[in-house]
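I am attaching a structure below and will ask some questions about it afterwards.
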Amino acid sequence: MSPHLLSVDDLSLDAVEHLFTIARRMEPIARRRKITRVLEGAVLGNLFFEASTRTRMSFHAAFSRLGGSVCDTTGFTFSSMAKGESLYDTSRVMAGYVDAIVLRHPDQGSVAEFSRAINVPVINGGDGPGEHPSQALLDLYTIRQEFERLGKSLAGAHLLLTGDLRYGRTVHSLMRLLSLHPPLRITLVAPPGLEMPGELVDLVASRGHRIESRESLETHFEPVDVVYTTRIQKERFTEEMQERFHNLSDEFRVNRAFLDRHCPPETIVMHPLPRDSRPGANDLDVDLNGDPRLAIFRQTDNGIPVRMAIFAWLMGVDHLIEQSMRDVGWQVPERLSPDDASFVTL
Amino acid sequence: MSPHLLSVDDLSLDAVEHLFTIARRMEPIARRRKITRVLEGAVLGNLFFEASTRTRMSFHAAFSRLGGSVCDTTGFTFSSMAKGESLYDTSRVMAGYVDAIVLRHPDQGSVAEFSRAINVPVINGGDGPGEHPSQALLDLYTIRQEFERLGKSLAGAHLLLTGDLRYGRTVHSLMRLLSLHPPLRITLVAPPGLEMPGELVDLVASRGHRIESRESLETHFEPVDVVYTTRIQKERFTEEMQERFHNLSDEFRVNRAFLDRHCPPETIVMHPLPRDSRPGANDLDVDLNGDPRLAIFRQTDNGIPVRMAIFAWLMGVDHLIEQSMRDVGWQVPERLSPDDASFVTL
Amino acid sequence: MSPHLLSVDDLSLDAVEHLFTIARRMEPIARRRKITRVLEGAVLGNLFFEASTRTRMSFHAAFSRLGGSVCDTTGFTFSSMAKGESLYDTSRVMAGYVDAIVLRHPDQGSVAEFSRAINVPVINGGDGPGEHPSQALLDLYTIRQEFERLGKSLAGAHLLLTGDLRYGRTVHSLMRLLSLHPPLRITLVAPPGLEMPGELVDLVASRGHRIESRESLETHFEPVDVVYTTRIQKERFTEEMQERFHNLSDEFRVNRAFLDRHCPPETIVMHPLPRDSRPGANDLDVDLNGDPRLAIFRQTDNGIPVRMAIFAWLMGVDHLIEQSMRDVGWQVPERLSPDDASFVTL
């Protein structure tokens, strides 16, 4: 039992393994085959000082599925903070109302500051350019689950990370979590100016992983097990880059043609979502919709069991999950999309 | 068990009868005499891309009374959709978080598009000028319940529909549902330019109903069983109409004087609400408040059992309701308003 | 069982005693040692027509801890009220959806108007300059609980009320509640122009209490048992006052130096919160953080059992609390802050 989850750096590989063991136990509940009441009477303060409907709903649903109640707050500030209330006062007041807090805030470090004075578990739901540990955990959980489904081992696996590797905080946190594992092979593909920060590359390399960098997807790759894509925002480009990458969509676009050229059928394609589907958005292509290699929806589905595991762990009920499960009375019909294959079978 | 409720056109008379049988079973719960836990562990995504506090709260309360948890979202867009996420991606992500979705959206057809890729039940909570099927169902349910209370038969009944019959979507959906029944007599009263669309009149007439149109309420009517009113928004009037209907409030105003002149004591007066009570608003008159013929609050009350029935039906627990009911521990006191007569007696 | 809680003037001392007896029974639940399901199946409409995150969350958490479900609404108006719906219609519609209503509204008297037509319990969550009875009750409850903890009697106690005593509605309601008790000694300290209204002083004095007024905190005081502070908003000052109180922060600032000079170790310092912690804000000083005399967080914590008691009382389940309690399965760790002393021990 740990008081807070603020950063992936707080987690040892043992802690991650424990969390994933709990998450796997949560699957029957996340898949609506079982229900539990293990957090009955508990109240979550789901505090979103910055809008993020998806993340807010994922935490909300996860806490609800454990039997707890959720109190949401959205909007740029607390009304009381607009009146000059300190984060210290706000957090201490909230600690008297609720039993756990998810906090998303635009300012890096604010979640840590918020959690300092209180002992009610606080989960960092994203603090600007800082951390978003539950996203990194569900990404890693997805890789682990997909490898198990495909009968593959993570040891020595080849991961391709592409897109905006400089400003994408999810890919940084994922790198840190991956670095805890036995040696992997990681290929980084980003346009100049958007590369992975050097100190992070050095850290991961120093832990025995083999890292290679490329400037384009239009090159030869060794067979790839995981393609992790993040959107390149053109606004981030300098004029010089705009000129050099006149054909950006071809050189950095992950689509069906790319996959058919470089990736065996067991490759999985991930994305932290949302994906920009507007024409010319230069994001992960919609022509992969329906392709079983597209794991992005299985990935977002995994947010539920992983966030349930985080709550159960921080609130000290992880050991009670299995004995608390009962059959569900209602039933959501099986899914339609082909990408749901792993979701509907238990 | 049907996957979605998008339009009243999806419903046969048999389906409507089945829904109303379930709704009647829900009455003791809706009236706070019994409770159930039949949807325990289920999570509703109550997604309102357009504000409608009343409808959102009605769905929220209905799902809660079945024992489920509700996650609300309000606001013009999802934050992720502002980043270019497609409705396809948003809906597929939501399907992994929640067990049923109510969606209100300003664009006609968007709810159907949202539901296409997923198998989690989606209920259309209103898509702009399109459909709002749960409103039409609660309107019809109200007519049926009131007739039963008054010991009258719906066969051959005379309904007067008045107000803005052109742009009022609720009155269109109600017409479609009414048309499934044995022959009725329907009188339509609207100012020129705001008449019921011709093709809808033709459809209903082709199903054997007797339809008559009038240009004013200041005329002779055969005794009327139901008066269904919708507000005429003066902004919709052309200059010519403004001149012609200089005395609009007298010619189209449903008030106590109108009722006393044309309607027997068993007539019921309905309105989809909200009703504009500001002076000169030309809406259903407040001088009927307290008159037992005014059924508008019994009508809105009926939203709860009808929406409970929709959820139970779509989620396949309709057959479990009766055995799941238990006595309530707390008790809301009996109502004060005379119009609540039917509400408090079980 | 009473229909509504609109004003502290509705409460006799007997009613207050009864509420506090229930609140004390709620403590094990508020402190997360026990849970109850006594309001299972009940739905609260938590209607905030004016933003107040703290108050909304406190009511939300309190109702949730009793086993009920909560439907929140925030924003300046109901979408339906923008369309001209009367408060009468809105309240009657809500009464058909939910089992209890908390209403916060910027207009004085609006909550009473809202509650007039309905029998569903309505709690005034603050109506502009009007009333906020649950705040006054939790303030009084805090004084009573702190005196009990310190082994002191309220009879003859000395309370110092300071800050903006003219516009602070919480301090007015607290005065009214205090006036129901056996004779107290109350010292009022406010700058000219912000004094307690004369008729309220007269009312309290007429009930046998000894009231004294001062113009500055920089004077001699008899030992004080309770210091209740409210923020002075400089915007409320006339130019003349600005000149006269050039050194406002010294003359009206409650801080550690003031306490050490005038208050024995058993004094408690209260504040309705939020407290403005910005430099120069002239509010209760942060240099008291961690001082056991600072009761402001115990005070806000008390909002939970007091609001639970209000709900249980209005909904007629106050006699069922004790038999309904069960052990909690999860556990929030003990608190960190020294001010939490009374919170963590049962």
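Letters A, B and C name the chains as they come in the text, with residue numbers starting at 1 for each one.
Here is the rule we go by: a contact is a pair of C-beta atoms (placed from the backbone, for glycine too) under 8 Å apart; a residue touches a chain by one contact, two chains touch by 3 or more.
Here is each chain with its UniProt name: A, B, C = Aspartate carbamoyltransferase.
Since this is a predicted model, take the numbers as computed values, not measurements.
For the copy pair chain B and chain C, the superposing rotation over Cα atoms measures out at 120 degrees to the nearest 5. Here chain A and chain C face each other with different sets of residues for the most part; under half of the interface numbers are shared between them. For this pair, chain A with chain C, the centres built from the Cα atoms lie 41 Å apart. Looking at chain B, residues 69, 72 sit in touch with two or more other chains. Within the complex formed with chain B, the residues of chain C that make contact are 1, 3, 38-43, 45, 69, 71-73, 75, 78-81, 83-86, 88-90, 92-100, 117-121, 315-317, 320, 324. Residues 29, 32, 35-37, 51-54, 57-58, 60-61, 64-65, 67, 69-70, 72, 273-278, 281, 283, 286, 289, 297, 300-301, 303-304, 328-337, 343 of chain A touch chain B in their complex.
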